[in-house]
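Report on one structure; see the data block that follows.
The letters A, B, C and D name the chains in turn, as written, and every chain counts its residues from 1.
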Amino acid sequence: MTPATKPDLRVRIGSLELRNPVLVASGIIGYGREYERLVNLGAIGGIVTKTVTLRPRAGNPPPRVVETAAGMLNSIGIENPGLEGYHAVKVPILRDLPCARIVSVEGEDVAEFCELVRGVDASGVADAIEVNISCPNVGPHGMRYSTDAGNARDVMTAIRPLTRLPLIAKLTPNVTRIAEIAEACADHGADAVSLVNTFVGMAVDSRTRKPILGTVLGGLSGPAIKPLALAKVWEVVQAVDIPVVGMGGIAKPADALEFLLAGCVAVEIGTAMFADPGLPESCVAGIADYVRGMREHSVDAVIGAMIVPEGRGVIRAGKAQRENARATRAASGGSS
Amino acid sequence: MTPATKPDLRVRIGSLELRNPVLVASGIIGYGREYERLVNLGAIGGIVTKTVTLRPRAGNPPPRVVETAAGMLNSIGIENPGLEGYHAVKVPILRDLPCARIVSVEGEDVAEFCELVRGVDASGVADAIEVNISCPNVGPHGMRYSTDAGNARDVMTAIRPLTRLPLIAKLTPNVTRIAEIAEACADHGADAVSLVNTFVGMAVDSRTRKPILGTVLGGLSGPAIKPLALAKVWEVVQAVDIPVVGMGGIAKPADALEFLLAGCVAVEIGTAMFADPGLPESCVAGIADYVRGMREHSVDAVIGAMIVPEGRGVIRAGKAQRENARATRAASGGSS
Amino acid sequence: MNQVDCTIIENRELTRGNFLLTLRVPRQFSKPQPGQFVHLRLSTDGEPLLRRPYSLEGFFERGRIRAIRIYYSVVGRGSRILSMHPKGRELDLIGPLGVGFQISRKKKTSLLVAGGRGVAPLLFLARRLRERKRPHVFLFGAKSKYELYGYRDVRGGRLHLATDDGSVGYHGSVLDLLQREWEEAGHTPDTAEIFTCGPHGLLHAVADFARDRGVRCEASLEGPMACGVGACRGCPIPLRPEHDGAGYPAMCVEGPVYDATAVDWERLP
Amino acid sequence: MNQVDCTIIENRELTRGNFLLTLRVPRQFSKPQPGQFVHLRLSTDGEPLLRRPYSLEGFFERGRIRAIRIYYSVVGRGSRILSMHPKGRELDLIGPLGVGFQISRKKKTSLLVAGGRGVAPLLFLARRLRERKRPHVFLFGAKSKYELYGYRDVRGGRLHLATDDGSVGYHGSVLDLLQREWEEAGHTPDTAEIFTCGPHGLLHAVADFARDRGVRCEASLEGPMACGVGACRGCPIPLRPEHDGAGYPAMCVEGPVYDATAVDWERLP
């Protein structure tokens, strides 16, 4: 077990063990099929599916995407086949994936969330559920759930008894204090929180004098938001004990490391994958190299290892778990 | 008065008439002196000074700036000579400036805001006051004022009787609903609101495992935030009737136009000026060209001229005023 | 479809702002159909952030060398960067993507209606029609003779040119040429079909022309794309009300060539 | 100080990743002092967003032609872009900026302590000292002989070299050279002063050396900058506790050359 051996990159989100901390974010890779020739899913931790809603959604009118400085705005509007379509069309695809399958769901009210969680649980192919209480693109409903800690609590309280799958609550950054919402989720049964979803943004075409997106407003993602995403993560890792999954603008392995160092147990890769489908795999390699460079043998040594200046914060998220994992591994005497 | 004549770019913020709608943002150009050889202040609308606080501030420990994807993080910490230093050192500089002088102030509580407004009013060189209730870099105090509509109301209510100068409340974007704070300012005496101040952000150096900024968190500015700034502006222009001054990521004339089209009566140029000190002047030229291209003779034709898709919003900000201006000019039969 | 590294053989400015890019592609790049596109990564430093889609102007095999050609205009930051790439530079592309033009089983005359740089995929199609010995007529309109790229290659069928400034061919729109060809040659929906590519306004007009007459008509569409492979749903094709329920086909996988008479042109970006 | 457009006369890679850039500057560019810097705009498309500060390696006038030289290393995106700019390209720069090295009125021997690419402003200073016929000793340390740039130009004073790998000169640190020079030549605070530029660790050590002996010592500092002209307060120089009350001098206007014994090196980024 010298640093030269293959480092142990396994991490846990509740009862789910991932082979490494690199996931693909929701909305980026569909349900895995479209990118199957471009991404080696067997090398990464897992994927989060496009969000499933109860009824099918055709999505928003075009244009739905526009590139901005180091970012992109989207207003997809959760185009998806609905829960029935999920069962009929997507479950068979997910069944064969060689990595963890985290199914993302979003309801318009508590009852819908319950139905979705029951449905996904019954589908038998989900390794975890990402509870999308944060999409900025589906009007007042999504925003309502996303910006109010009380609603987050109601959703989590209602769905928690319905499944034994790990529940990851996905948070919006478009709030004054994201930690409040994270706390509400942690206190009411979430096994982890993931953040950030997109930031509300807008672009205007001065030639046509029109907003560029059909919906006027959309969600900003990509490298432009990385500093903002990290700050939100920083707020949350100091507020909750459950694991935090970080994302927002990751475009190279060093970006993924910033999130892990800041206390995230795993990361999700989004927009930058459109240009570089190999990015999730290269992040895995970069993290392994980094662990080796630290002369450590497990990614646990990286998570939350940021050196925080005196009096400027303490990372709580996932700490107990990490210490526990370390102890277990020490006791069992070995890594993979 | 054919479109070929020089367009009338004058705009009003309360009782202040600007020769054109292009200002330099607070914290970018000091009090005008440092950039005097690089910027033709006589060609632009005005400058907003570095924020003045009651007591001198040495600012935050280094590093204070770091470049990110299409943006920069800063944690200057309002380094300034305090109100006394302002009187002694800065007033003489401001006196000679060939453009409007908007003095930015920030207090740690209502009493400090009052003292600052009285002091700046008495200094006799301010054409307006920008009330900075939004700085993310001075810890709990700034953030407290910035994220709570009640505090905004208290500050505005207290300072309004102390001066006849136009008061422009500068808002933070780091809130769930910025319109609430804008409304509180509008209802309690603000002549205008300006937005956005920086977004809270963070960067980590994975090589040293340390946060890059000395304060861990800083404020993100530059082109990266333009879509976010526009979305905040869009929220505010639909909520208040007073003029809105827009900023955030303007790096070319077309960016300035996006803000004007979305309903801003003026814009402030920030970070992008560090690379291109001629930017404010080229924005003025670009706006004039655009007015000509529309075959109009006044910038009033641009402000709020965005074509909004059916049912997706109505621009209120500055409308009455603009219509009024149009009527007055029509009656007086001419522009400049 | 594959992600491959290819090498710039040539990247030449033909007329002001219009470039012909020839790329050597490896074996893994499967044989493309006319109308298909590739998704090009223009830089690896994140600027621009997204890939850019380009239709294929042609595919060529000579011995063991395979090459593709793209005809492109400099319109923004991505294409500007592309125009500066020297010969020998490697480019990462994903392709061939999307569905191309579908030539009817039934032997019909293909009317190819090209506007400006939209000529690119139609040149590819014309070569294919010629190989298959299918009758076709090539109608090509552009601003001026300087924008008339590639038509000298068109050999298998009749060729009619139009320019806005009258510098070559008919002085006016290619739409007039279509109208004239239709009437003078006596085409019917049973004997002819239309393939078109060009500016939005032209496609819209050709689509109306076809719908009015009940002619089969395919257009190669353009619009913003992110993934290019059908995963992100960022490239919806808006359909006319009578197609409601079909949702929004994705331009990148169900297009970019699509039934022009079904598209709601008012709502296409 | 002015904003001027200047033209690249030469941009040559001397050793792996280390470039010498020669720029023709217009008349409005006033005569710079050794230790001053220029703020270069490396691209106009916003990437990178900020200018980059570079010390002057030299200033040359021949007839009506004025030129400056910069010796730089490729370390990140900005310098990489700079390294790709061809001869003839125009670059927008602001300068000369900041305060340079202050040679004492009183005639002292200047000990120039250079580490790696930090040699650049000291070469400029050495030329100035030679012109003024001031005694000086040039101590230069680098990783290996390949990083020893420009020392052949040093003609006015004694020269001692050190390399980490022993490939040329003393096998070890330039700090040892300073120590030896100090002792062997019998310098005192009254007869000698130190000017230094190089990596953070070296400057810190030289500063400690100087403070211990009460020698006047100026260092050319580096750190992130935004405006470069004193407006944004983004480039604070942290001072040692005994200088509390002086606040944070701005590196760009009160530096980049600053009293090394006053700097709090632990807190300098």
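One rule holds in what follows: a contact is a pair of C-beta atoms (placed from the backbone, for glycine too) under 8 Å apart; a residue touches a chain by one contact, two chains touch by 3 or more.
Everything numeric here is computed off the predicted structure, so don't read it as measured data.
Look at the CA centroids: the one farthest from the centroid of chain B belongs to C. Spacing of chain A relative to chain C, judged by their CA centroids, is 38 angstrom.
One simple way to say how far apart two chains are is to compare their mean CA positions; for chain C and chain D this gives 56 Å. Chain B and chain C have Cα centroids lying 46 Å from one another. Counting partner chains per residue, chain D shows two or more touched chains at residues 46-47. Residues of chain A in contact with two or more other chains: 69-71, 214, 222-223, 251. Taken as a graph of touching chains, this assembly forms a single closed ring in which every chain touches exactly two others. In summary, the structure contains touching chain pairs A-B, A-C, B-D, C-D.
Touching chain D in their complex are the following residues of chain C: 45, 47, 77.
Chain A makes touch with chain C in their complex at residues 27-30, 34-35, 37-38, 50, 58-59, 61-67, 70-72, 74, 76, 79, 214, 222-223, 251, 271-272, 274-278.
Within the complex formed with chain A, the chain B residues making contact are 68-71, 73, 147, 174-176, 199-204, 206, 208-211, 214-217, 220, 222-228, 230-231, 234, 249, 251, 254, 257-258, 261-262, 290, 305-309, 312-313.
By the touch rule above, chain C contacts chain A in their complex via residues 1-3, 41, 44, 46-51, 94, 223-238, 247-248, 253, 267-269.
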